[in-house]
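Structures incoming, each one as structure tokens.
Each of the two complexes below includes subunit A, the first together with subunit B, the second together with subunit C.
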Partner chain A sequence: MNSGSTKRKTIDTMLKLALAVFVFTIPVWLSSPTYLQILIMLFLFAYLTTTWNLVGGFAGVLPLGHSAYVGIGAYTSTVLFISLGVSPWIGMWAGALIAAVVGVFIGIPTLKLRGAYFALSTMAFGEGIRVLVENTMQLGPFTINGPRGISVPLLPGNNLLAYQFTSKVPYYYIILLMLCVVIFITWWFSRTRPGYYLAAGGEEPEAAQALGVNVARYKVLAMGISCFLTALGGTFLAQLTLYFYPKQILGLDFSFELAFIALIGGRGTIAGPVVGALLLRPVSELTRIYLSSTLPGLHLVIFGLVLILVMLFQPRGLVEPLERAYNWFLDRISGERKEVKS
Partner chain B sequence: MALLEVRNVSKHFGGLKAVDEVTLSIEKGQIYGLIGPNGAGKSTLFNCVAGTYAPTMGAIIYDGRDVTGWKPWDICKLRIGRTFQIVKPFQSRTVLYNATVGAFIRTSNRSEAEDRAMEVLRKFHLGDKAGVLAKNLTIADRKRLEMARAMATDPEMLLMDECMAGLRPNEVDETLDVLREIRSQGVTIFMIEHIMRAIMSVSDKITVIQFGRKIMDGTPGEVANDERVIKAYLGESYGAGGDGNVTA
Partner chain C sequence: MEFYIQILINGLMTGSYYGLAAMGLTLIFGVIKVINFAHGSMLMVGMFTAYWIVKLTGWHPYAALILVVPMLFIFGYALQGIVIKPILVSQRDVREPTEVIIVTTGVWYILDNLALMVFGAEYRVVPTSLSGQIMLVGDYIIQTPLLYGFITTMVTAGLLMWFLKYTKMGMSIRAASLDRDAASLMGINQYRVYNIAFGIGAAIAGIVGCVLIPFYYVFPTVGVVFDVKCFIIVVLGGLGSIPGALIGGLIVGLIESVFPMFMTSTWTELIVYVVFLAVLFVMPAGLFGEKRDW
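Entry: the complex of A and B
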């Protein structure tokens, strides 16, 4: 590209490496569990939005019921742990499988709908599942306690097998690793034939069909993968909080938050969910800490305002301008040859 | 034997007979034109062949096989490509990405598909624009991309819906050269076109339809001098005294 191309590349790699080292060493110097908790939730939302993005971004539709799959993951692994003593590390795969099956079944009829109709029907399904859970005390041999929710039985000390830790640090690394893996999966998937077909069908369904793409089939496939991975995040959330109830984990505002993060960060991009979570999570944490008693739900109002501004000025999300700024910064630094700060 | 046979195909929308018992047959290697006034049902007939609509009645026979009511993606796998009247590029993606989607029909390997796509793009003089986002192309380039993308699926037959509308005269000439080039590779072309100069000069055979019904088919010369066709285009009063030279 330009003259200092190799140098530019070196600086780029170094900056990214520095960022990775920084992120992986945060718990070494940050001992406050409160701040670690905020970071863990940030990564969890980045994770969940990345999985949401497989459908909401690449398939070009707007799912607004993804909390259902978070809930399926949390409930399945916890219920299996309580009644059968199955480790959540195994239970989470069962939850993921159930979520994928439910997602595919919901996806087959709804993914044929366009735009707002798909969004509304996923919302309805999500709410339906919440109401169902809230009105069910006992599901076959399993107790799910209806609206009161369930707590994961607390075991003494750190218990790796039971996915329980006294410190926040293990949770931090688990979710960070999960986030890295899911970003890698998205990146890899977007470079395969199904990834191309999914994006093509999301953008111009008729043209994609004429090029041999069974658009609906690839959307359903994406829905299955997305729900599978979302449920794994649900189990993580259950193990982190050790207590959850339908209104929290199956609620609409949970689903909305994922959509907000993706839309503001950049739908259909790989970095978008991370950027969106980085921006929005602190807002919802801070309003929850300081204003939850006086103005509950204020974070959603703020999200709405931010979304309006972003849609007006950067309709493709914040990743685009950030990328431009980063490239400009790289050009400057590699061009001037002076002070390389990292 | 004909490559594509349309037998008594009708397509009704409610009470409207958009296509009414049209029959035509296309030989391998032909450039076959479909013309008619606006709203005659040309695109609807195309959509029936391409699988976008299932015909209400009649049959579509391709290479001896009844493919009536097949889905568009299955039609594409039969090696029938298609371009749209209003071009539909994947706007947010590069030119290469667009063509690669088409090329993926023969391979699931990305670099193989990209090589194949690049080869086709070069033939359509888009090689140096491979990295450009489709939304930044000019109209002429978008039309060319539309054709390149369809050709990347390696079709035996290409359905082209008004691929020259909106082009300048010199661009029309270029496109005609491209069509002849495509044909010389053994691809049969079935096209709708409004620019008479273009379709008359390139077609081997033409079918004229009006109000969903076939008026006639024949060589360009026969069609241009047929009184019914002139009436269809210019109205009753021109029918008798026309000089037989239909132009727009």
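Entry: the complex of A and C
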């Protein structure tokens, strides 16, 4: 297939540009805060899954405890804000740093383990963090509040310094920007030496090791970066909802949902987490809004079904067929299909 | 002193049904080399089946075993044959197909939430002739349903080990778990072996259901309570080892009954996780596991 033709390239660029413009102008015409909230949560999940993907996708392991790092981010920035008055904009870096240190600390022993053992150890670690937080009321000068959770003190009006806004629009642009940055980081990472080493180690650990790649070291590096970025998302979630509690933000369900989105979208691909979030989040939000009173848990049944079907028929995720369809469409519209055939 | 012995007895009793709950999980892992994340949901199905049979017929919970065990065996057999087998077929070159973890997680979500939609979220209890019974052995109080559970666990473990060691099917299961390709060459139908292993795993979940209903609540997410616990138990004991699951269960039961003597009982959950991670880091194969599996 000759995909280098200028016409095809122009159409491709124009379509992508149009999509970018569309996404960036949504808040201009969409005024419903409900739908804006759905979109914000969609982007947040796309963001968190993209950071999950750095370990879960590229390093070829299955982390099932990433909610721990979301929680570390949310708790650190909020606790610093409440007790010391530190702006969440600064607190989020502290949370990210703590998450990265914890991630590396836990990653060094666990990332040596094989598939199931790694998944189980991250799960136990995530649950351990939840139990720890639920049993802590007070940590030195900081109030943790155990199972009751914490609320971020509400300040009047828009307060840029305190990361609080009355309208949803600023949150929309913040998370959109964060998503763009993290997608760029993933793209860049997948084109650097550590990224290649990691992909090699994920696919053929023995072969990579035989070629002298220290697979474990790059996995730990990816884990550190992933946890750092995940915690930043945690701070965003805290500022968006202004109230959170351990069962919600540190729960097993949260960790599993991140993994599900990545696996359904396409593990180890750049667009996978976004596609996965785009497909799954609206299902979960809409069934939760309209059907939760009559059919509780329906969205999770749908999740499970989609997950099984994708694994059966498209084990590499839904990005692959979508990409194929998009390329076919490009060929068709630029009139190259006939050329290829003749 | 007597007080401490009483605590130990309670811990061993509780631990035995943890071990029983984990036994099916470890059997399935031993054969397919994959953690069955739907294990807790299978326990939930077992408990609901036992619950409804006892509630509708008014039988003794142990009499319900006659119905529950075959029903759950068929359930597990069909689950593996219909849902999991296609993945194993497409991933037959991979020693440890991660996709199976994901598919069984999907099964977990479907089963738990279907139960939520059908039965509602309430906690159910069914009065049985065993409920609340205690007996005195010397100076010690023993809860009768827990003692029955302890005996059932030992009998089940014994039968299972005998089955794996001496019957033809048991030998096929062990052969397939050692080397599935070589087993296939020897004329063993590996997918039938998997079906049967899954069926037995589910049947054990049915036994757990009958053991638990005299003293435990039944609700749609009851599997999650046992899920993480079972994962920890099987790794402690060594994945794939039946005696390992039993001893892992007893260890967790003892931790949960002894540590509340020294600290707030909610902290014991954390102790279990810490012990688990420590064992995993120091000896990843667990107490009885084979080294090559981690």
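As a convention for this text, the second predicted complex is superposed on the first by the 326 of 342 C-alpha atoms of A that agree within 3 Å, B and C clash if a C-alpha of one lies under 4 Å from a C-alpha of the other, contacts with A are read in each partner's own complex, and residues count from 1 in each chain.
Definition applied: a residue touches a chain if its C-beta (ideal position, glycine included) is under 8 Å from a C-beta of that chain, and two chains touch if they have at least 3 such contacts.
Keep in mind that what you see is a predicted model, and the values were worked out from it rather than measured.
Peer 1: On subunit A, do subunit B and subunit C fit together or clash when superposed?
Peer 2: Fit - subunit B and subunit C, as placed by superposing on subunit A, sit side by side.
Peer 1: Name the contact category of A:Tyr163: first (subunit B only), second (subunit C only), both, or neither.
Peer 2: Once the two structures are laid over each other on A, A:Tyr163 reaches no partner at all.
Peer 1: Pick one for A:Leu113: touches subunit B only (first), subunit C only (second), both, or neither.
Peer 2: After superposition on chain A, A:Leu113 lies in contact with subunit C alone.
Peer 1: Per the contact definition in the header, classify A:Arg193: touching subunit B only (first), subunit C only (second), both, or neither.
Peer 2: Touch partner of A:Arg193: subunit B, not subunit C.
Peer 1: See if subunit A has more residues touched by subunit B or by subunit C, and give me that chain.
Peer 2: C
Peer 1: Have a look at where A:Phe125 lands relative to subunit B and subunit C in the superposition and call it first, second, both or neither.
Peer 2: second
Peer 1: According to the stated criteria, A:Leu263 is in contact with first (subunit B), second (subunit C), both, or neither; which is it?
Peer 2: After superposing on A, A:Leu263 lies in contact with subunit C but is clear of subunit B.
Peer 1: Using the superposition on chain A described above, determine whether A:Val213 touches subunit B (first), subunit C (second), both, or neither.
Peer 2: Touch status of A:Val213: first partner only.
Peer 1: With subunit A at the apex, figure out the C-alpha centre angle toward subunit B and subunit C and round it to a multiple of 10 degrees.
Peer 2: Approximately 70 degrees at the subunit A centre.
Peer 1: Just how close are subunit B and subunit C at their nearest CA atoms in the overlay, in Å?
Peer 2: 12
Peer 1: Does any part of subunit A touch subunit B in one structure and subunit C in the other, and if so which residues?
Peer 2: The overlap between the subunit B and subunit C interfaces on subunit A is empty, containing no residue.
Peer 1: Along subunit C, where are the residues that touch subunit A in the complex?
Peer 2: 29, 34-35, 83, 86-87, 90-91, 96, 98-99, 101-103, 105-110, 112-114, 116-117, 121, 220, 224, 228, 231-232, 235, 239, 264, 266-267, 269-270, 273-274, 276-277, 280-281, 284, 293-294
Peer 1: What residues on subunit B touch subunit A, complex-wise?
Peer 2: 50, 52, 71-73, 76-77, 81-82, 84, 88-93, 97, 100-102, 104-105, 108, 110, 113, 149-150, 152-153
Peer 1: Using the touch rule from the top, collect the residues of subunit A that touch subunit C in their complex.
Peer 2: 62, 109-110, 113-117, 119-121, 123-125, 127-128, 131-132, 134-135, 252, 256, 259-260, 263, 295-298, 300-301, 303-305, 307-308, 311-312, 315
Peer 1: Could you list, by residue number, the parts of subunit A that touch subunit B in their complex?
Peer 2: Result: residues 191-193, 196-197, 199-200, 203-204, 206-215, 268 of subunit A touch subunit B.
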